[in-house]
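Each of the next two complexes has chain A plus one other chain: chain B in the first, chain C in the second.
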Partner chain A sequence: MEFELVIIGGGPAGLMAALTAAEKGVKTAIVEESFALGGQLRQQAQVLENLPKEFGKQSGIALAKFFSNKVSSIGVTALLGHTMIGTYRNGTIGVSNGKDTFPIYAKKILVTTGAAEQAALFPGWTLPGVMTIGAAQILLNRERVLPGKEAVVLGCNSISYDIAKQLRACGVNVQGIIEKKSIDEIDKELIEKFESENIEVFFHSNIEKAAGKQHVEKVWIDNDVLKKEREIDLVCISNGLYPVTEPLELLDCEFTYIENLGGRIPKYGSSFTTSNSSVYVAGNAAGITCIEGILVTASIAVTGILEDLAILNNIEAKKQKEILWTELLKAETGRYSKVHDARISLVNDFLPKEI
Partner chain B sequence: MDKSTIVCKCEEINIDEIETALKAGACQFDDIKRLTRCGMGPCQSKVCTNMVREIIAAYTGEPMEHIEYPKNRMPIKITRLGVLVANQETSSVVSVFKESVSEVDTNG
Partner chain C sequence: MYINDHPLLESEFLEEITFFYEGKQLIAKSGQTVAAALMGNGIKVFGVSRKLQQPRGVFCANGRCCSCFVTIDGLDHTLSCMTRIEEGMQVFFNGGDPVVGRGGSGI
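Here is the complex of A and B:
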């Protein structure tokens, strides 16, 4: 198989990039491990408020559907159930479909592998009934299975707010949100949102342990005031995300460590080119950001790819990138401003490898 | 925290086993991996990487950014051996051993 552009990961960043590239006539393929496109959007029932203008306001599920319909109608090859498992000696990527392993030749590779959820360590965290919020969302919104009846959520953030609201809407009693930080360290707007939903947040607390016979039955909340055990059958963990970067490691990209981007991260320049000049990165794999940031970084990477493939000339590409970087700044202002600052210093430090 | 708390779910490795490996001289994730199989199960250390790194940081007193990540090797996802060699023409088996081949090369 041979393509001009191969995208690793069919989530929002990969789909956004595939659409833009295919519109410009680039022969594009998406390598997607699961059997559907959309990535984590597929279980996000909440309305995404700040999408780029052309998308309006819609739920993640609707956006995933929109993207996958559009991508198949525009002639992008979607290799579902395919996983990049390695690289050949000459740098060609090796893909497996569970029956066979074969090379896919590509002029440019865009890695949009997204992020993984960070679990939290406490005695009993491996019990059935203790799960990340992503897992709870898959159960609720994709599989239509109620993950429990009495819940606590670990971590006070906008994602745990969404899941707490969704659990409630499905009849789950959310006993409270457990948050390590003190009340002053949390965004006031967010606290108000929890208050308006009547969801209690326990600040300065943590889960000491969870216990149960076959399934989680109790948690002990370590809080000076509370010191209480609670009977629950669901613990949702919202402990942040970190970038998934294995393919970039195999593609010999250089890495650095930036806490504000989610830890270990590939080095990249202003077009999201990595130190391997045929490999690009975008979305959460290039630093944990908001959905707008995911989509805009994908657009920037594609602009860089189109420029490299001589489909866009330098002047046009430069102009477009300037517009997109302004959009990215706007998207990452506020809650994600630290992410943006870290990104800017990463880009400024980037020196393309001498060939 | 209770030392019997499992850190690596796939291989059922607990805090005590990781700390024992550290006491035996392990410095990084990959050392612990070689001694205990921590991170070598189906998820390939997707879930436990940062938890183990935090335990190492706490033990050594080093900041998190100095604690190395486990090295990713081919195949990066669980793959049946038969799948790797299924198509003789495009067999990837040689690539899987690329690393050891190049090590031999450089060592002369």
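Here is the complex of A and C:
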């Protein structure tokens, strides 16, 4: 198989990029490990408020459907159930569907493998019934299966707010949110949101341990003053995300560690090119950001790719990138300004290898 | 428990399919993963850990943590959260390490 552009990962970043590239006539393929396009949008029932104008306000689930329909109607090849698992000696990527492994030749590769959820460790964290908050959301909204009936959530953040509300709407009793930080370290607006929903947050608290014979039945909440035992059958961990980068490692991209971008990430320049000049990165794989940031980074990477493929000339590409970087700055203000600052210094430090 | 009337999502008509867990016939909705089909039938413990034989089930639901292994149609250590349930599928509890050998006899 041969394509001009191969995109690894069919989440919002990969789909946005595929659409733009295909509209410009680039022969594009998406390699997607799971059996559907949409990535982690597929279970996000909450309305995404700050999408770029052309998308309006819609839920993540609706946006995933919109993207997948559009992408298949525009002639992008979607290889579902296919994982990028390696590279051949000449740099061609190797893809497997579990039965066969084969090479795919690509002029340009864009890696949009997204993010994974961080675990949190306490005695009993491996018991069935203890899961990441995203897993609970997948069961609830993708699979339509109740993950439990009585829950506590570890971590007070915007994702746990959205999902705690969804759990409750489906009949799960959310007994409370357990947060290590003290009340003044958490965004006031977020605390008010939890309050207005009558979801109790225990600050300066932790899960001391969880226990149960076969699956979780009890947690002990250590909160300075009270060591409280609670009967539950679900513990959801909301402890942040880190970029998924295996394909970039396989493609020999150079890495660095930047806390504010979510940890170990590939080095990249202002077009999201990595140290391997045919490999680009975008979305949460390029640093954990908001959904607007995810879409805009994909647009920037595609602009760079179109320029490299000589479909856009340098002047046009430069103009577009300037507009898009302004949009990215706008998307990454407030809560995400540290992400943007870290991104800018990463880009400024980037020196492409001499060819 | 399967959520029939989801308060946040449009209702979908999903065909019911049958599968087997430890030989017992159960019902799932088409399109679900094996992990969800088991959870929907009240099964949370899918197997045990390799060394200490502690119970394991869904943790990430995303193919990343390897906590949800089961045996599917004879194939040990299959990720139940990344495999779609199919009519007549035979699913078994993951009781430990699979027997791996060159000769097919486990030696």
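Rule of thumb we're sticking to: the second predicted complex is superposed on the first by the 355 of 355 C-alpha atoms of A that agree within 3 Å, B and C clash if a C-alpha of one lies under 4 Å from a C-alpha of the other, contacts with A are read in each partner's own complex, and residues count from 1 in each chain.
Everything below uses one rule, namely that a contact is a pair of C-beta atoms (placed from the backbone, for glycine too) under 8 Å apart; a residue touches a chain by one contact, two chains touch by 3 or more.
Keep in mind that what you see is a predicted model, and the values were worked out from it rather than measured.
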{"item": "First, second, both or neither for A:Gln118, with chain B first and chain C second", "value": "first"}
{"item": "Chain B versus chain C as contact partner of A:Thr126, first or second or both or neither", "value": "both"}
{"item": "First, second, both or neither for A:Gly94, with chain B first and chain C second", "value": "first"}
{"item": "Which of chain B and chain C A:His215 touches, first, second, both or neither", "value": "second"}
{"item": "Contacts of A:Thr28 with chain B and chain C, given as first, second, both or neither", "value": "neither"}
{"item": "Set intersection of chain A contacts, chain C complex versus chain B complex", "value": "33, 116, 119, 126"}
{"item": "Touch list for chain C against partner chain A, complex", "value": "1-3, 6-9, 12, 29, 32-33, 35-36, 39-40, 44-46, 49, 54-65, 67, 81-82, 84"}
{"item": "For the chain B and chain A complex, residues of the former touching the latter", "value": "1-2, 4-7, 9, 46-47, 50-51, 54, 64-65, 69, 71-72, 74-77, 79-80, 83-84, 86-87, 90-92, 94-96, 98"}
{"item": "Chain C-touching residues of chain A, taken from the complex the two chains share", "value": "33-35, 45, 61, 116-117, 119, 126-132, 134-135, 138-147, 166, 169-170, 214-215, 244"}
{"item": "Chain A residues touching chain B - in the complex, by the definition given at the top", "value": "33, 83-89, 94, 96, 98-103, 116, 118-119, 121-126, 209, 242, 246-247, 249-250, 257, 259, 263-264"}
